[in-house]
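Down below is the structure, laid out as C-alpha cells.
Chain IDs A, B, C, D, E and F follow the sequence of writing; residue 1 opens each chain.
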C-alpha cells in the first residue's frame, strides 16, 4: 500500500499538471468511444493495451469478463451496460478475455471451487462455453482446451450481450458494433473475432482497414502541423 | 474505434517490448497488493491515478462503484470479491468514488431513470447513502449534497463489504484493510477516509506515515544503487 | 366442460382401442424427434399442425413461446429444456410463434398490462425483440410491426436457447439443430427461418430436401408394401 | 425431422382446407373453455385425449405439470395462469399428470439428477408430494408409491394454483373450477379427483352428470338436425 | 428505552429468581408444543394471550403474520418453519392474525405504500386474500371487508403452510395440526377456524372438548394435590 | 394444545378484564418504543424479559435473530423493519441473541444441516460471524467459540441493519439508536454492546444512566402520588 498511496501523490504532483487541460475538459462530460468489458485480473491494463487516454473507454471489470444474459433480474453488469448504451450512447462494445485467466481455469474445474461458492455460481455463466469445449476437445491437450475456452467464453458473452434490449435495438439499427478479443499476457498479442471467417485473427489483420485509415489521418494531421509551422 | 485498434498495434510494437520482462514474470501468476473497486466512468484510470504497473491492482469496475451486501444471491461483485480475498489473498481493498459521477447523479434522482430500469434498481444499493444525505442536507446546495453523497456512498459500500464472510474474517484477523477514497476529476485530488477522525482527508495527510516510509525506502534503494556503481 | 369430459370418454371408448398397440409400445419409453416450444394459445395444435402421432414431439407451451436465457435461476422452461436435451437427447428444437398472438400484442404495449404484472414481467423476455422492431419499424404500419415482432421474438428465443449449456454443447457437436417457425392461424401457413438467407421462408421451400427425402422414403415403403402383397 | 416438416405440408394441403371456416373464425379471437396444464411428455396429446378442436383448450406444458405457488417472482407458469384467468377469463383449470412420468420418477429420486441441476430444482416444487408419499408409503411397493405420487403431485399443484390471486378470487366467486386428473398412458384411462369423496375416480363416474347432460344435448341437436332435413 | 432497560434489571432481580428452576431445566433443551406465527404488532403478546410459560411456544413474528409459500428461495419464515418441524418436531402450528392490523390495512390499499416498497411487495403474499374479499365484498362496508380480510389472510397463510414439504408430510401422517386464529385487540376475543363448519368460532366453542379435557386434568391434579396434603 | 386453548379462555375471563382500559386505548393505535428482533426460541419471552406491557415492543422473531442486509429483494425482515421505521417511527432497535441457540449451533456446523436446506441457507446470513470466530478462536474451546459467535452474530446483524435505507437515514439524523444484546437463558443475565468500549457489558452497567434516570422518575412519580393522597 505504501507504493500505491505514494503513487497517488506522485500522480497529483507530476502527472496531473501535464494533463490538466484534458481533465478540465473531461470534467464537463464523458463521450467514450467504447464500453470495454474485461477481467479484473491485475495483469490487464486496458488503457495501456489500447494506448488510450482518460475519456475514451467506459470500463467494466469482473472475474472472468462475464456478461450475464438479460433477465428480469438486475446486476452490476446489466445495469452498467444499460447505462453505457442508454445514457452514454457508446457505439462499440469490446469483450476482452485473456490467457492465464484464473477465472477460466476455475470454470473448467468447478468442483475445485467448493470453498468459493459465489465464484462457482458466477462462473456458471460460462458453462455453455465449457460444455462446447468438452464436446469439441475430447482429444485435445489441457492447453488447447483452455485456449479454446478463452475464445468460446468471449463468444458466449457476446451472445449474452445480444439478449440485452438496448444492445439488440442498436445492433439492429447498425448503431452499435460488438468486438470479441483475447489478450495474450505473455506476448502482448491480441486476437479479435471475425464474424465472416468465424475465426480469431490478429488485431492488425482483423482491423486492417481501420488501422490504415487511422494512420493516414494521423499522417495528414502531422503533415498539416508541419505545414503550419 | 480506429484509434483504439491502432493503439493495440502500437502497444504491441512499441510498449510491450520494453516491459517484456515484467509481463513474462507476471505470466506465471498474479499477487496484487489491492482489490481496487471503482466506477466504470471513462475518466478514471486507476493505474494512472496510482502510478502502478500491471500486476499491482485487481480491479472491479461498475457504474457507481457499488458493492452489493453479501446475501445468498451471487453477482459479479460478490464473486470477484470472494475470488480476490479467498483465492488471491489481497491484503487491501480500496473503494474509490469520483466527482461528476453520472451514476451518483442518477441515484440522487431515481425517478429520472424510468427508461433505465436496471440502472435504477442497481443504484438502489446506494439508497441508504441517499437517505442519509437527504436527512442531513435539507438546507444544503445541490453541489454540497452531491459531495456528501459521493462520500456517504463510499462509506456505505465499505459497510456492504464488511458483510462478506471472507472480508469479515480477514478484517477480524487484522489481515485485511479497507480504504474509502473519492477522486476529484477536475483537480486530480484524492480524499481518503480516516476511521479515527471520521473525516475524509487528503491522501498525503491520511497516509502520511506510509508515504514517508515509501520515500525513505526508495531513497535507500537509490543510494544503494548509487553506491553499487 | 361437459364436452371435454365427454370427449375423454369418447377417446377411451373409440379412439384409444385403435391406437392400443402404439400406446402400449410407448408405455415402455419415449424417444421424441423434437422439443417443440410454442404458445399456450388455444388455436394451436402442434400434433395437428405437424401431423405427428403421440411420442414424436416433447412439447413445452407458455404464453408467448418464451425461452428465458440460461442463468443461475431455475424455471419451468430451463428445466424442461435441460430434461429434453440431457435426459432424452432430442436432436431438434422448434420454437414456433404464431399470428394473432395475444402475448406478443401485450409485449408491444407493456403499459396496458398494468393489471397483469406477472405477464408484463414475463414478456420482458421479449423486450429485445420489441426494441429491434421499434428501431427498424418507425415508419411501418401496426400490422407490419407485429409481423416483424413475431419473427424477431422467435429469433430472440433461439438466441436465448443457445445460452443453455446443454444446447450449446450439442450444437457445437452438430448433434442438435434449431428451428424458428411462425404459424399463420388464418391461412395455416408456416414460415421457417433460413440461417443462410437470414429470411423466413415457406416450410415447403426451407425444408425442400428433407420433404423430398421423406416422400421418396414413403413411396419406397409403399412400393415395397405393394410388392409384398 | 423429415416426417415433421412433410407433416406440415400435408396439414396445409389436406387438413387445413377442411377446417378453414373454423380457423378463420378463430382468427378473430380465442375463448377457450379450460386452461389445461400437463406434462411435456411426448406421449400426451391433450386434444386427442379430450377430443377437442382448436380453440377449446389453452395449454401449458412443462416437465412434471408443475405449477409454482404464487410469489413475488415471475415465471412462465405464473404469467400464463394470470393471462388465462385475467385476460381470457377461462372458467376451468385442469392439471393433468400421467403414468410413466419421467419427471415424477426424477422427483422420487432427486439425488440421481446431479447432472440435471435445473430439473432437480424445478422438481423440488413437487417435494411436498414426495414427502407425503414417503410418510404414507413406508411399506408400499415402488409401483404403489409412484401411483400415489402422481396423484399427490396433482393435488399439490392444485393447492399451488389456489395461492395465485386471480385464481383465488374467481374460486371465491364461484366463477372458476379446478380439476385434478391422472392419465394412464398404457390404458387410456383418466382418473379425476373428487373433492367430496377425496378420491380419484374414473372420469365417467366423476363427471357422470355432465357427460349425461352433454349426451342429451348432442342427441337433441342430432334429432333437431334430423327433423330439419 | 429507560423503562425497558430498567425492566431488564427488574426481571433479573425480581422475576428470574422465582422461575429459576424452570429456566435451568429449559437450558437443557426446548420442546415447544406449538409454532406460533403472528404479527409483529406491539399490542400482541402471545404468552399473555395463551397464558403460557417460556418453553411452550416457538414464535415467529413479522408484519402481517405472513407465511410465504414454499419455493426454491429461502427466507426467514421458510427456514424457521423447517427448523420448527424438522428439528424440533412441534405438533401444532397456529397462524394468528388480529384486528386493527396495520399490515392488513396496507394490503387492502397497496397504492398507499409507495414509500414503503418492501412492505408493499411483502404484503403481496396476502393478495389472494385481498382478491377474494374484493370479489365477495363488493357491497360490504369497509369494516366488514377488513374483518373478512383478517380471516381470509389467515386461511391463505395456512394454505401456504401446506406447500412446505415438512408440513405436508407431517399433515399426511396425522402428526401435525394447523390452527387459524384471529385475535380481537379491543375485546380480547380469539376466533378459531373450524375446518368442518368452514367458519371461525370462539375458541371456547371450537376447542370445547380439549378445554374440558384440560380442566378435568387440572382438577384431578388439584384433587390429587389436595389428597397428598 | 389443551393447555394453550384453555389459557386463551383464562386470558379472556381473568386477565383481559383487568387490562381492559389499556387494550381499549391501544386499539386506537400503537406507538412502540422499540423494534425488538430476537430468536423464535420458545425459551425467550421479550415482554417478560423487559417487563414491558402490550404496546411497548414491535417484535420480529425468526430462527437465529437474523437481519438480512438490504438488497433489491424483499423478505419478511426487510419489510417489517421498513414498516417499523417508516410507518411507526420507532426510535430504538434491539437485536437480541441468546445462549443455547439451536440456530447458532447450526450456523457453526452447516454441514450437519443437509436435511434442513432452507435453514442452512438462512443461516448463511450469519456466515461472516462464523468466519470471524473461526479466525479468532483457533485455540478456543467449543464453548468459548459459541459465546463469541452469539456476540459476533448480533454485531453482524446490526451491521446488516445499517444497510437498510430507512435505518441509515434515521441513524444519520440521530433519531434512531441500535442496541445489541445477548440473553443468557440459564442465568437471566443480559449483556449489551457498548460502542465505545467495543465490549459487551451487563445491562445494569451499559445503561447505568438511563436506569438511574428511570428510577428517579419512578420515585418522583411515587412521591407525587404520595403527596396527592
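Heads up, the rule we're going with is that a contact is a pair of C-beta atoms (placed from the backbone, for glycine too) under 8 Å apart; a residue touches a chain by one contact, two chains touch by 3 or more.
Chain-to-protein mapping (UniProt): A, B, C, D, E, F = Carbonic anhydrase.
Every value quoted in this text rests on a predicted model; they were computed, and no experiment measured them.
*Asks:* Supply the minimal count of touching-chain steps required to go from subunit B to subunit D.
*Replies:* The fewest touching-chain steps linking subunit B to subunit D number 3.
*Asks:* Among the remaining chains, which ones contact both subunit A and subunit D?
*Replies:* Both-contact set = C.
*Asks:* Applying the touch definition from the top, give me the chains sitting in contact with each of subunit B and subunit E.
*Replies:* Intersection of subunit B and subunit E contact lists gives F.
*Asks:* Measuring between Cα centroids, which chain is at the maximum distance from subunit B?
*Replies:* Farthest from subunit B by mean C-alpha position: D.
*Asks:* Please indicate which chain is farthest from subunit C, where distance is taken between mean Cα coordinates of the chains.
*Replies:* So the farthest one, by centre of C-alpha atoms, is F.
*Asks:* Count the C-beta contact pairs for C-D and for A-C, then tell me which is higher.
*Replies:* Ranking C-D and A-C by C-beta contacts puts C-D first.
*Asks:* State, to the nearest whole Å, the distance from the C-alpha centre of subunit A to the C-alpha centre of subunit B.
*Replies:* For subunit A versus subunit B, the centre distance works out to 19 Å.
*Asks:* Just give me the whole-number Å value for how far the CA centre of subunit D lies from that of subunit F.
*Replies:* Comparing mean C-alpha positions, subunit F is 48 Å from subunit D.
*Asks:* Report the inter-chain centroid distance for subunit B and subunit F in whole angstrom, where each centroid is the mean of the CA atoms.
*Replies:* 36
*Asks:* Where in subunit B do residues touch two or more of the other chains?
*Replies:* 68, 72, 74, 121
*Asks:* Under the touch definition up top, go round the ring from subunit A by way of subunit B and list the chains.
*Replies:* So the chains, read around the ring from subunit A toward subunit B, go A, B, F, E, D, C.
*Asks:* Can you tell me which positions in subunit B touch subunit A when the two form their complex?
*Replies:* For subunit B paired with subunit A, touching residues are 1-12, 15-16, 20, 23-24, 26-27, 29-30, 32-35, 40-45, 47-52, 54-63, 66, 68, 74-80, 82-84, 86-88, 91-92, 94, 99-100, 102-103, 106, 115-119, 121-123, 177, 179, 185-190, 192, 203-204, 206-207, 210-211, 213-215, 217-218.
*Asks:* Report the residues of subunit A in contact with subunit C in the complex, numbered from low to high.
*Replies:* 68-73, 121, 124-125, 127-132, 134-136, 156, 159-160, 162-173
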